[in-house]
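One chain, chain A, appears in both complexes that follow, with chain B as partner in the first and chain C in the second.
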Partner chain A sequence: MARSEDTVAGSPPVSASTTSEDWRDRLHRFSKSDFVRSFPYWFIPFSIMGLGVYGGIGWNTLISLTDYEGFRERPDFTSPDLEMYAQALQDPAVIVTTKNTFILMIVFTTVTMLLGLFLAILLDREIRFKEKIQTIYLLPMALSFVVTAQFWLWMYNVNNGLVNVLLGVFGLGPYNWIGNPDLVLGSVIFALIWQFSGYAMVVFLAGLQSLPDDQFEAARVDGASTFKTYWRVIIPQLKSSSVSAAVILLIFALKAFTFLYSMFGQYRVPQATDILATLMVREAFQLQNWAYSAAIATILLVMSLAIIAPYLHYQHKQGSL
Partner chain B sequence: MANLSLRDATKTFNDDGDEIVAVDNLNLEIEDGEFLVLVGPSGCGKSTTLRMVAGLETPTGGSINIDGEPIHRQTPQERDIAMVFQSYALYPHMTVYENMAFGLEESSDLPDDEIEERVHTAAEMLGITDLLDRKPGELSGGQQQRVALGRAIVRDPKVFLLDEPLANLDAKLRAEMRTELQQLQEDLGTTTIYVTHDQTEAMTMSDRIAILDGGTLQQVGTPMQCYHEPANVFVAGFIGEPSMNFFDVTLEDGVLVGDGFEYPLSEEALASVEGTTELVLGIRPENVEIGDDLSGPKEFSGVIDVIEPHGNENAVHLRFTEAATDETFTSTVDGMRHLTGGQSVGVSFPEDAIHLFDGTTGEALRNRIVEEVEQVQEIGTK
Partner chain C sequence: MSKPTHSRAESIARILPALNYRKIGLAFVVMFFFAFFISPIWTGFVTAFKTTGAVTSTTPFIPPGLDGFTLEKWSTAFDYLSRGMVNSLVMSVPSTIASVFLGSIAAYGLTLVDWNERLQFSILVLFLVGIFIPYQAVLVPLSDFWINIVGVDGLLEPLGNLPFFTARHSRLFAVTVTHVVYAIPICMLLFRGYYMSLSDELIEAAKIDGASITSIYRRIVLPLSKPMIGVVFIYQFTMIWNEFLFSLTLIGSSSSPAATVTLVLSGLGSDLTGVDFGLRMAGAFVAALPTLIIYVLFAEQFAEGLASDR
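After this line comes the complex of A and B, so read on.
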């Protein structure tokens, strides 16, 4: 014999009065729920952030659909079209800067990561004065872009920069690192690598130090040489370190505007180092082509998302998101 | 197929100027195909010894030889050895197949199809063929353990080194793997050193046991020798579960005087301890007999303290009635026998079962009667 409490799922419909009580009861419980009670705390930061970031992105996208330029009139939202995007895709300036952006992104990220990995491996192999070396390499990361840019501007000086002085010892140069269009992008990338390889190293070092010694020992007993041990056993296990380092570096490469602006002191940077970010700022704040600049900004945003999406997917797959 | 020898192998570590001796002048000969278990409490130097043989530690003195060839200056890559780690140390990013093939790919010039064949043969032997495409993270502890073994077997090395390979398994699986490992080693006939802190593993699996304490070798022998003819107090106490009972005694006019009992020695036993008066009397729990009444000079009155039932047998903790301290000793009796806590009983120590050790050096002066030992020893060595 089933007791009445046992038959909740199959119980017949209850009377109307019970339903309204039910409803009131549910409302009461809802008002006591964590969601409602925590509302005042999360809603304010959430709405400020939402307005600032997503509102900004939305506003920017909206402007990119108009023909807004100059200061004379307000933007006209009546006939939105993709004209600015069509124009951007045909603009040789956009094509050149996109190419530069990619070169900067790929060369900078690859070299920085390889250098960081190399330094991390050296450090991991128990070099003495470990702590000090770690700080020395991480120090550039703590410097602002402005300082790094100014510092390297002096280093690259044609007449008395340290780089040319050093090369002069070997009878080379002097090279015009900044003035020569063939060299300037390389010089900029080198300076950025200098600033960021310490960061990459720290990320890789953390990854390396989380690996137990027995992985190295097992590989040694298995007959693998030191190189093969790293190549086949250790480095493949640094995948998640590599992914997080790569994402950060790629994003930094996209927003290298700060660095270039600090280095050259103006919106118009040498053409060989002109990237999408500098073009965007120039179009907006030098030429007042608001709509066109907004379109370039959207293109940049899409590129950033394209970089981050695989990372998020990877994190999701690993179950850490 | 190889025999391995350690001659005066020594390892000292430097800890801020202090020298710590991990292994002290260790001499061991391991015959071709032999299963030697290195056993001892943690910190006794057994793992360091194994790592020296593997080449992961460099001995600070002495030599290590395989078939008479010194190998202690070679890198691990140059020595033809395979090692199973306590943590298994499987490569998490590789499949089981890749894990097992890795050693062959790195250490030999075998063609790919030969490697594949050997991996499959080893996998079949261990019953892990259907796991070959999986990654270690998807395997249970027991399966990972098999893969770790497979990785060593595939190499077909001169020497297997096993570092507490069963320590991370649960009790039931451990007992199963013990038998299986032993069987496997017998089939392969590869010289093996097995490190463990578990005396049960040492007793049940080995051809010979080497017992280490504080970096020095205490005794090498068959399990039966170590059990019945321990070289000193340490070995006697370490081997056997529950461990041997020890009583500090003084020899006075042919009688051992201890706390709460006096034990007269026979002429023959007296001769073996000649000259020493401070002694330790040892007796295994299964030799402590519990009777109801007292008769004879080698029986004493005792009180039962606690009984631990094990089903087939009971471990009975007793005290001498006349003892000044609360110290208990253990006796194992038949599981069906009815005894209760607080009960007064008679306890006897048969003389042919007692061990006598030097009270200061711990050295064994007299072990239990020898004829019996030789018999069991024959069974032990097969």
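After this line comes the complex of A and C, so read on.
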């Protein structure tokens, strides 16, 4: 039925007497074009998502320009200003949480990627029960942060937790992993590495398996050791996988809220683990400082866009979008 | 085969080269990480079977002896969480189905039908950004929208006479719809990757035969999508079941009748006397049960969803 016409641009030239007929013809053709017929398919999901994501962001930005706070009062949009942003830049809590956010992002992402790469190379060798082992390595990723936070709370328990019991074998500890402000951020990062390294492994494994086998063979014929082969030949080709994994992990670290909330059971987490994401939710839903938290949310959004935009540009350049 | 004249040392030396040190080392490292990944889960599992006394008096990862064994924590946790389990199920299943469907048709409209490459690309980029943005950036408008503007608490009042619903269940409805909205981009991306790997020939042939875009979707694309629908469904269901931030901000308290299981779990087993870890662990497993079952049955699909989530 449908004549495949991308647009109406290809219509034949018009003579004056047939203008109206031609106009109808064009309309008829346009209504049968792939654009119009595929319109409901992409436009309905797109507009639902667009309202939620971009409508939400726009509205959030508007709220951040007001003084909106408290319950059940409408924000006053009449005199928008940047007061909330000025307040945020001077707020010691914002400075501390920004610093913690960066520590979390960098340490968590780096270690998770290295461990994930190591595990991927490990499982890419011929070992028995490979699928079963991969399933166990990835298992934490199938669990909710609410659930894993409970497990780690118990692991880190001062008197009876497994971590201190194991260290006790070597005559170390016990350490107060959660209660000690110097240790708590490291403890949280370690638990998150546990949860996410299986994910990094899966991404790297997919990258490794897309490489042709003969490269490895060729390097072996040349007499290169296994380590050298990976270091010089294989790992440089995993750039695309590395970039993807790094972006996902960075973005996760930026918005990590659930694990922290669940571990400490409240909006106010220890200052050493307080990140922008937890500060924002606390300001909004515990203290009802809606406008102020909207401003912090905008800062988070800008930070995430600073990661996403170069990533999408890179993907586009690689032709992998 | 060995001759009696061989000394003991010699016979050991003959066995040794047959053992591959590299393989032993590899197996050791694999087992080490096996223990690393399983130990928090295993420790939680055995702790859930211990009496409160045994939790503190026994080694955490060793199963309880007969005197320290109890199923009481499981039954308490189950009683406590069952309302949340029902709520989570009522929320997760419809929102997963809706987002899978919407993601699939969006991917179809953007990949298998060509209309304007540049416009299609711009729309794709807008979808992709939607995957990555932190939800914190929309939380304030979201709660403002549902609670103050829609007045969600009164939304389902006309249905208020049904035995199961209370007015607060309408908050659950808000969370369900919210999940659909924010799950569309990732579902779209997963389907897009799959549709781009399908061969063009079948669709081109159908077009030449005069099939309309709708009938191509229904007769060709949808049947071919079956394996991917499985992947996206499993992945999305797990994500939505495990989600916490929307439940916390839109439903609010773990004592609400509309609280999802993750929300209820976050308040379980802690009182003034401290944390009852046996109960906490049992609760964690009960809350994770549906996702664990799905993971055990469909680990491969879950891994596939994760690997293409980028």
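For this structure, a couple of remarks:
We take it that the second predicted complex is superposed on the first by the 297 of 321 C-alpha atoms of A that agree within 3 Å, B and C clash if a C-alpha of one lies under 4 Å from a C-alpha of the other, contacts with A are read in each partner's own complex, and residues count from 1 in each chain.
Going forward, contacts are C-beta pairs under 8 Å (C-beta built on N, C-alpha and C of every residue); 3 or more make two chains touch, one makes a residue touch a chain.
Because the structure is predicted, anything quoted here is derived from the model rather than measured.
Once chain A is used to superpose the two complexes, chain B occupies space next to chain C without a clash.
Once the two complexes are laid over each other on the shared chain, residue contacts for A:Arg232 go to chain B alone; chain C is not touched. The vertex angle at chain A, taken between the C-alpha centres of chain B and chain C once both structures are aligned on chain A, is 90 degrees to the nearest 10. In the superposition on chain A, A:Arg37 makes contact with chain C only, not with chain B. By the touch criterion defined above, A:Asp222 lies against chain B but remains apart from chain C after alignment on the C-alpha atoms of chain A. Once the two structures are superposed, chain B and chain C can be ranked by residues of chain A touched, with C on top. By the touch criterion defined above, A:Gln271 reaches neither chain B nor chain C. In the overlay built on the shared chain, the residue A:Gln318 is in contact with neither chain B nor chain C.
The overlay of the two complexes leaves chain B and chain C separated by a minimum Cα distance of 13 Å.
Residue ranges of chain A in contact with chain B, taken from their complex: 212, 214-215, 217-225, 228, 232-233, 236-237, 239. For chain B in complex with chain A, the touching residues are 54-56, 75-77, 81-83, 85, 87, 89-93, 102-103, 106-108, 151, 155.
Residue ranges on chain A touching chain C, taken from their complex, read 1-2, 4, 6-7, 33-35, 37-46, 48-57, 59-60, 63, 72, 74-75, 119, 122-123, 125, 127, 131, 133-148, 150-155, 157, 159-162, 165, 194, 198-199, 202-203, 205-206, 244-245, 247-248, 251, 254-255, 257-258, 261-262, 265, 277, 280-281, 284-285, 290, 293-294, 296-298, 300-301, 304-305, 307-308, 312, 321.
The touching residues of chain C, when paired with chain A in their complex, are 26-27, 29-30, 33-34, 36-41, 43-44, 47, 55-56, 59-61, 102-103, 105-106, 108-110, 113-116, 121, 123-130, 132-145, 148, 178, 180-182, 184-185, 188, 207, 210-214, 217, 238, 241-245, 248-249, 252, 262, 265-267, 270, 275, 277, 280-281, 283-285, 287-288, 291-292, 294-295, 299-300, 302-303, 306-307, 309-310.
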